[in-house]
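Paired with chain B in one complex and with chain C in the other, chain A is shared by the two complexes that follow.
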Partner chain A sequence: MLGDEAFRLAKEAKDIAADHIPAYNEEQVRLVTQETRYLWTRIEEMIASLNTAVANQQRSGSSQTQLGSSQPHGTPGQQQPSQSQAANTQQSAAQAEIENTNAQTALYFLTLNRNKRCLLAYHHRRAQFLRSLLWTLHLASSMIPASLSLRLSPEEQNYARDYARLNSNYRDAVENQLCPSDSLNWAADGELPPRDLFIEVRVVKDCGEIVTENGVVNLQAGTQHYLHRSDVEHLVTIGYLEHINPS
Partner chain B sequence: MVYLSSTRYEDAYQRIVDGSAHSTGTSILIFASIDVDAICGLRLLTTLLKRDSIGHKIIPVNNYSDITQMNATLIESNLQIRTLVFLNCAAQVDIQDLVNLRDGLSVVIVDSHRPFNLYNVFWNEQVHCLDDGDVEKNMGELRSAFEDIEFSNDTDDESSDDEAGHKRGSDSDGEGKKRRRTGMDPDEFIRLQEQRAKKRELRQYHQSLVQAYYAQGSYYGQSCAVSMLMLAEQMGMPLSADLVWWAIVGATSQYLLHQIDETGYALVVTRMRDLSRRVSLNSPSIPLPAARDKTTEARRSVNYSSSSQALLDSQLGYPTDTAFTPYLDIVEEEDDEGYLKARAGVSTAAEAGLLTSSKIAAQSADIAESSELQFSLLRHWSLANAMQYSPFVARRLATWSSRGRSRLDLLVAKLGLSKAEAGAPFVHLAPELKTQLFKRMAEIGADYDMADASYRGFVRNYGWRKSSLSGSDMVQALLALLQPVEGGQESGFFMAYDALSQYPVLKRGIEGAMEMQKLVVGQGVTMLERQAVKTLRSFRLAMVGMETQTMFGSAFALRQLALFLMQTLRERSKVAQSRLPFIIVAPLTEDRLLVLGVTPIVGGPRVEARFKSQFAGETRNKFGMVFEAAAGDLGADIRQGFFDSSVLEIKREDFSAFVDKLRRHL
Partner chain C sequence: MDTQDSFTGALDSNLGLYDGDSTNLEARLAASDSMDVEPQTPSTSVRIHTTFGADEAEEPALDQEEDEEEDMDEDDLSLLVRAWVNERSSPEILEYEGATLENLMELVDFQTQKMATQQATLANILKMDVDRVKYLVRSYLRTRLAKIEEHARHYIKDTMYRERLSQNELEYAKGYVELEERHVRRSFLDQLPPHLRGLEDVAAEGLEMVSKPDLDAAVFCRVRTTVGEFQFEASEAPIVMRRNNIFITRYSIIRNLLEDGKVELI
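Up next, the complex of A and B:
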């Protein structure tokens, strides 16, 4: 049915969760664009036919008025009403035809627009997901896990790379301006200050000894630590540590 | 002074915190033994540390070699570490043997294992042990004996001149010099000789004292969690229901595992009762999420009035009857609103009915005293199950025989319950039936050998929508969570740690506990049916599932089974045999066996009255020494060094030889 393909795409866009993205559905995108193109050619055709029909109507309409005006005084014959009746039915049929085509054009046009919206939404959601993923990975596009990068289209991968590069360029510029000798924690969430200075973390994968601002910590698997949030936050995001009791 | 008496626990915390003042990073290592009590104590300690924002690291450990390993990898290489805390481990051995005590490192030991190693308690200035009163009360003489031996060993020549009566090192020095100056006249010489002889005698006496101290066998002192609670209290930490509850769970675990006796438990109960009353009055009601429509609004007001009613009751001293909380399905916290909305559709009359029945269940998450029946997990499944899978009932009614089983049926009938009612989830029973059950049990219990079916315990209420838990339920759940699984012991440890505050995890633990109870009692009954416990001349030996690996490969399950079997056999065998020591064996892996020696808390081997402890009375577990001696004779590959000395691992092929050796030593 009309617009079904786009609907499927929209549903797929809805499936994108905070930590999951379905594979890029190239086939579905192709189907939707194909449908959209087809609709556009149909619309063009219809508009063309509409134009000719309207022109025809105008022409016939004007000829009829001519016909009517040419015999104002003549005795009402048998032929005249039938002729005008025929002309009328013809006219109304043409009118209905025009209205039909009009409605169909409008429908096609709306569907086309809807398709476009669905396409855009689908890609927007994916791009959004990609961006938030990049931020949690501290803008290292190479860190995207293989399981996820398999699901991205080549264009999306390019996008991720370019986005990261653009960001790092900007960061370098800002750093040069603000603090030439220091580096900014670019990916830190600047909107909300952390509630606790310390967090309780459990080591999932052995990290060995890490050097933090506050000294050396040995993060062995199977131990639990209470540490400065800033020291270990990145390890939590890449899944080496598990943040417990986050409330 | 290197032990801390119970009024000065706060010093221990001060020492823990001192370490962190000098550095900003992690300076505190906490070693926690993998058992319920230690986890509860740990939870209390971390709450304190978190309040003060002090970084720390927690390492679950299972035996002494775990600690020495950590010493090599963590403590020696990392100068940042300033404080080591040992929870339920390391009190029995000289801490210097385990870790390298470099300067500036201080050690705090909170351990319920006894006896203390004397070097920890009296000798090492860097080590602080929390004392539950026994050191203060019983060990004065021992202390002087120990110090005498230690100080004179080092400086043999000089101190041989000392007057024997003086034991303090500071005194003896000055005294010694004075004597030497007075020199060498014959009278003096004879006097000196006499003194030396006297001193030798005294030293021998002192040595025998110390020997007797170590030879008394192992026992348990005040629960680690209770010690930590007292510490928290002294630190001025505002007590919450959680804190008190954790201490109760720790102490209950000791009671259930027969580590402390009735008197010791009663001591804890009295102390906890006051505290729990205090926190229960203060505890805020669980707030209901904002309701929108009128019906829920009405419900809210009724609810609040009911809870204030309950509060009033408890203030007036009426016991709020919390043992019978109506049970509704567990709903996740987040679903609260949805649940309320769904409920709002119900007619108001029905809701009023709902509310009258929940009136007794105050909305607060408090702790209440209760008298508990020795039916396992009663609040979580049916009465029939709770009785069938209770070691206590199985033992008293002898349910391994058909006669015993029919007696069980009869008992249920006498309690006034139909079979259907007994099979229904206990919490869904009519409230009258439940009250009646407790009353009837007290009346007719004696006819069924079950006069002591109830004991004093505590119940934690989680508001009226989650089922309440008794202390023993909680212990069983934690024990089930601690069962080693695929992820190794640590995952179980941390799961139990989470379960102390996260209800869904706890729920999983309860389910595990049901399985465990079924298995333990099932296995025990089967073994009794088949008379699989061998009675040898000097001890009893039970071998569990020697062909296959079972869940009895963990000390927790095996100990419960052993306690069940041992008590049953004690109560049901001839007097001559009833006091035999009990050893149980189960396969741990393909080729290794786990061996456990169990003593009952009442009627086990006894010690002299002067060693009597507050919590464990006069009963001691001597298997540690017996095992050690037998292992020494055998020279086989035997793994000891668990914090509980009565546990060991042995190769399958060495076992029969080991049993032969045991015969000689028991």
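Up next, the complex of A and C:
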């Protein structure tokens, strides 16, 4: 049915949850764009036929109606002049035909716009998901887990990369402006204010050795450490370390 | 209400003084550059109202203390905290607190240098302090970025909003709009008929493709300096807005008061 394909797309956009995204539905997007293109050619045909019909009518009933031949352009409205009370039956039939086509054009036109809206909404929602995912990975687009990146379209992977670049440009610019000699610790958790200076962490994945202010620490999987929050916070954010007993 | 009756005279005279002061304030605001709007130093009117508050027997002691505190010159930190809370609760983007941020980061720099010469314990405390300030700055900037992303297209088109963004933010917004547009164009828009490729169309019913902040959203606000009688759109009689009163109202109604710093969002 008309508009069903777009509806499916919109429904899929709605299914996106905080931690789950369905695979990019290229097939469905293609179907919708195809339908849209088809409807557009139909509209063009109809407008053309409408124009000839109006022209014919004007020729036959010269003084009868004043349908501007430019009227059914682009915006197929219902602006049928009220004085179109045809005198003979042939003319009223032609008139009905015109009204019919007009209504159909209007319907198609609305469907076109709806299709476009659904497409936009679908892509917008997915981009939104990607953005919040990137923030949690503190903008390392290469850190997107393989299970997720499989579900993204090539375009979306580009988008993720570009977004990350845009954002880090901004961060660098701000740091240069506000604290040229220091860093703002962008990698740290943005949601919760820091409570303790030191935190106890358990290593989930091997991180190798890191250099802290007080020396080198070897972060082997399974070990536990008591460290400066700012030294290891970025590792906690991306899930290499686990924060034990956060207060 | 009975307390008000007994103080009507005092209130009236205060209001008179206050009106004069508020026009002064506006003139000062208009004169100063929008980026450098200094925190409103406690004006005469504020002090008058404090004494008024102190006269009142019903006013709990705690409130008075709070009043006193707020009447002092606000330091950059509390300015930023207020800007941060306002930013988080308001539907539209607010003025960028550029000067405050710069001052604050200078202090942080100073603190960091001091840390090197201190004992470990003291240095740790200072570090904690620095970390917290940085968190605040980060969160403030990030909140603004999130809001910019939401309505980027509208913000870069509207001169008033453009002036509220910092240079970096403006570039970010432009880059973001470009990025978003490129993404949808490549994904599907270029495959649609040419007539349907616009991204800033306005539909016949007035439905626009460019989203705007909802200025009628409900917000909670607290009165910082007594406004006096204020005509809310929805209510018939004007409502007296006094310091520390809390209202829930439409954002558009208190928008100007917020800009003048007379109320704060919570």
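By definition in this document, the second predicted complex is superposed on the first by the 159 of 247 C-alpha atoms of A that agree within 3 Å, B and C clash if a C-alpha of one lies under 4 Å from a C-alpha of the other, contacts with A are read in each partner's own complex, and residues count from 1 in each chain.
Going forward, contacts are C-beta pairs under 8 Å (C-beta built on N, C-alpha and C of every residue); 3 or more make two chains touch, one makes a residue touch a chain.
Not measured: the values here are computed from a predicted model.
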item: Of chain B and chain C, the chain that contacts the larger number of chain A residues; value: C
item: Partner chain in contact with A:7 - chain B first, chain C second, else both or neither; value: neither
item: Which of chain B and chain C A:212 touches, first, second, both or neither; value: first
item: Chain B versus chain C as contact partner of A:197, first or second or both or neither; value: both
item: Touching partner for A:166 - first (chain B), second (chain C), both, neither; value: second
item: Partner chain in contact with A:108 - chain B first, chain C second, else both or neither; value: neither
item: Which superposed partner A:223 touches (first chain B, second chain C, both, neither); value: first
item: Which of chain B and chain C A:36 touches, first, second, both or neither; value: second
item: Residues of chain A at both interfaces, chain B in one complex, chain C in the other; value: 197
item: Touching residues (chain side chain C, partner chain A) in the complex; value: 101-102, 105, 108-109, 112, 124, 127-128, 131-132, 134-139, 141-142, 145, 149, 168-169, 171-172, 175-176, 179-180, 182-184, 186-189, 191-193, 195-196, 203-204
item: List of chain B residues in touch with chain A within their complex; value: 23-26, 46, 49-50, 53-60, 73-74, 78, 80, 488, 490-491, 494, 497-498, 501
item: List of chain A residues in touch with chain B within their complex; value: 197-198, 200, 202, 212-218, 220-228, 244-245
item: Touching residues on chain A, where the partner in the complex is chain C; value: 29, 32-33, 36-37, 40, 74-75, 112-113, 116, 119-120, 123-124, 127, 131, 153, 155-156, 158-159, 162-163, 166-167, 169-170, 173-174, 177-179, 181-182, 184-186, 188, 190, 193-194, 197, 229-230
